[in-house]
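Which chain is which? They are A, B and C, in the order written, and residues in each are numbered from 1.
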Amino acid sequence: MIEQQNSRDPGDGADMPGTDVHDLPGGAGAALEAILMVTDEPVSESQLAAAVGLGVEEVGGLLLGLQRHYDGYTGRGDGTGVGVSGSVAGKPVVDSPEFAAGQTRVTPRGFELRRVACGWRIYSRSDFAHIVSRFVLDGQSARLTQAALETLAVIAYRQPVSRARVSAIRGVNVDSVVRTLAQRGLIEETGTDAESGALLYRTTHYFLERLGIASADELPQLAPHLPGLENLQDFDDSSY
Amino acid sequence: MDITEIALARVTDEFIAYIRRPQELGKEWALDEASEFLVLAATLLDLKAARLLPAGEVENDDDIALLEARDLLFARLLQYKAFKEIAAIMGGWLDREADRFPRLVGLEPQFASLLPELLWRHSPEKFAALARKALAPREAAPTEVGLSHLHAPTVSVLEQAQIMRAMLAAGTALSFRVLIADAETTMVVVARFLALLEMFRDAAVTFEQASPLGELQVRWTGVSRDWRSNNLSAEYAGVLSEMSVPEEAIQ
Amino acid sequence: MIEQQNSRDPGDGADMPGTDVHDLPGGAGAALEAILMVTDEPVSESQLAAAVGLGVEEVGGLLLGLQRHYDGYTGRGDGTGVGVSGSVAGKPVVDSPEFAAGQTRVTPRGFELRRVACGWRIYSRSDFAHIVSRFVLDGQSARLTQAALETLAVIAYRQPVSRARVSAIRGVNVDSVVRTLAQRGLIEETGTDAESGALLYRTTHYFLERLGIASADELPQLAPHLPGLENLQDFDDSSY
């Protein structure tokens, strides 16, 4: 960080500590918005906090506030740290009356602020997908095949995992599917198995981004899909 | 899970779909898995019957062992089914997300100009070397269990045959002890011994042993001047090919 | 004109039968926001009008309304089609006096909508330039990563080439690296692939300058050193 700072001269010298971000027009929330305008990846709360010179917690609260504001709620929510997964809340109900005590519905914006892959990012609101998609030339990749989805699911829940193990679970060779998933940036290599020397794979940040979730913890629980097999782990690892 | 609530027909459908997939991909019909399914189906009926009839009993230990083996298969099937369901959920999420477009814009010029000047130290040649590396077709990583973690280095019988042939080329008889004098590991000794057996079979060498357990003298016969290590029997070379270096590398 | 009406009640939409953009949450203004939030190039009013199915004049009015709203003004203004933001009350600034008759100051956003030569684009607000600069420079390196260098090499020797193809050759997703290279002026877009419609990239004059050669033809030949070059055909876009 030090060597980068001396490598340029913004001229205004305004990045010296002491400039209170709250004094700027729009305050700290607007400062966060300004940063979110120039990023092409999800930005972590700590990066944002460092840039605006505030604590991570305060920044987290401000971000939740912006998120709610864009979604059409105004007034204070129930404080910071609530509804981290509020990003998944999706579109608010337009006709809903008063949301809660001290809160009013206003018109939602055409964009939303969401927490994905451990960071925050501005997205167009999905209601306008059919309109926006005409302007996005190169952004969307093709849909995944059933085979790719299943392979991705196994890797997501068993990571780090070798291809051989994924093959064993899916019952078919997964080499080419794994290659495709890696090319698409959804999975990546992560070292080798200590015993077998086989390459191991894990999901990427981009995978979380594409799913619209903040971390792998938000994936659906596997257990409910495995009724009554609490001891599955016993079978699971012993057989490969 | 209550076993009595599982519809056998549904499991059957799913299992048939499961074992058909390799077939659809042009692979061999998974006969063993198909027969496993018959066992599984029988087991399921067995279990269902046992559960439904209070008097139903498991008869002996063999049956229990068999049931456990079938359970394993069944558990795997259920596991696969669970991942399939999860995959469907994930697919729905991906579709939902496809309707949202992230703000992905270039850095505004005044900020882009702040970026530190790039340090660039690549000559065209260095850059070409980089391209060569990046463009080279990458070896598909092995699917099999790797051997590289084994500490014993691999030893090639072919290679050891070549080495001994060179040692014996002068025509004088050498003892086995001499032939293995430079062997650093037991594996090399074993490989040289195997190589000698092969060469003996091809009549490339003769053995002399004055007394039982005495010195083994090995002599190049000269009969097969053109004996080459690729005379090593095909099946032998095939078996060891995994452990061998290509012959060109030796010659 | 109709512009005031269509912005009033997005849930209603009865005033403009036949257009559904008003039925969407946030209405036509939000639809424009959605587009502007994700487009890199300025978008012209006629493009926007075509996308949302409204007249150019109406869209012009809506854009002015958005612009004023982001700048912190709300209310009807001078009556020329700025009604869109009227219903969108931001967090009011408590200690700010009434701005003018019929207008209220609201918190300005951290971004602004600017009309540039060929259209409209959202930028970060200039008041926050020093904070944004700090953010942009944080973690920036003067060196390209190995991944970026290799990607650049592939583009240099295969140009014009799509990201999908580079991904296929490298076996990993290169989207973010390609953005970095473009940002650094080493590569640029050069039309789209006739078949897939994917954006194609080529190296720039700046790249040649840095390498110290006059044209891409002077790049050292690879073929004699690259066994099995013909195999590269295998890395086609088949998986996309």
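Structural remarks
Note that in this section contacts are C-beta pairs under 8 Å (C-beta built on N, C-alpha and C of every residue); 3 or more make two chains touch, one makes a residue touch a chain.
Source: prediction; values computed, not measured.
Distance from each chain's C-alpha mean to the overall C-alpha mean is smallest for A.
More C-beta pairs in contact connect the chains of A-B than those of the other pair, out of A-B and B-C.
The greatest centre-to-centre gap from chain A, using C-alpha centroids, is found for B.
Spacing of chain A relative to chain C, judged by their CA centroids, is 20 angstrom. Centroid to centroid, with C-alpha atoms defining each point, chain A and chain B lie 37 Å apart.
Inter-chain centre distance (chain B to chain C, centres taken as mean C-alpha positions): 47 Å.
For chain C, residues that reach two or more other chains under the stated contact definition are 37-39, 123-124, 129, 132-133, 136-137, 140-142, 170-171, 179.
Among the residues of chain B, those in touch with two or more other chains are 101-108, 111, 114-117. Note for the complex: chain C touches chain B at residues 37-40, 123-124, 129, 132-133, 136-137, 140-144, 149-151, 153-154, 156-158, 169-171, 179, 182-184, 210-213, 218-222, 225-229, 231-232, 234-235. For chain A in complex with chain C, the residues that touch the partner chain are 1, 3-5, 7-8, 10, 12, 14-15, 19, 21, 24-27, 29-41, 47-48, 50-52, 69, 72, 74, 91-92, 94-95, 104, 106-111, 122-125, 127-128, 131-132, 134-139, 141-142, 176, 179-180, 182-186, 188, 204, 206. Looking at the complex, you find that chain B touches chain A at residues 1-2, 18-19, 21-22, 25, 27, 30, 33, 71-72, 75-76, 78-91, 93-108, 111, 114-117, 140-149.
If you check the complex, the residues on chain B that touch chain C are 101-108, 110-112, 114-120, 122-125, 127-128, 130-138.
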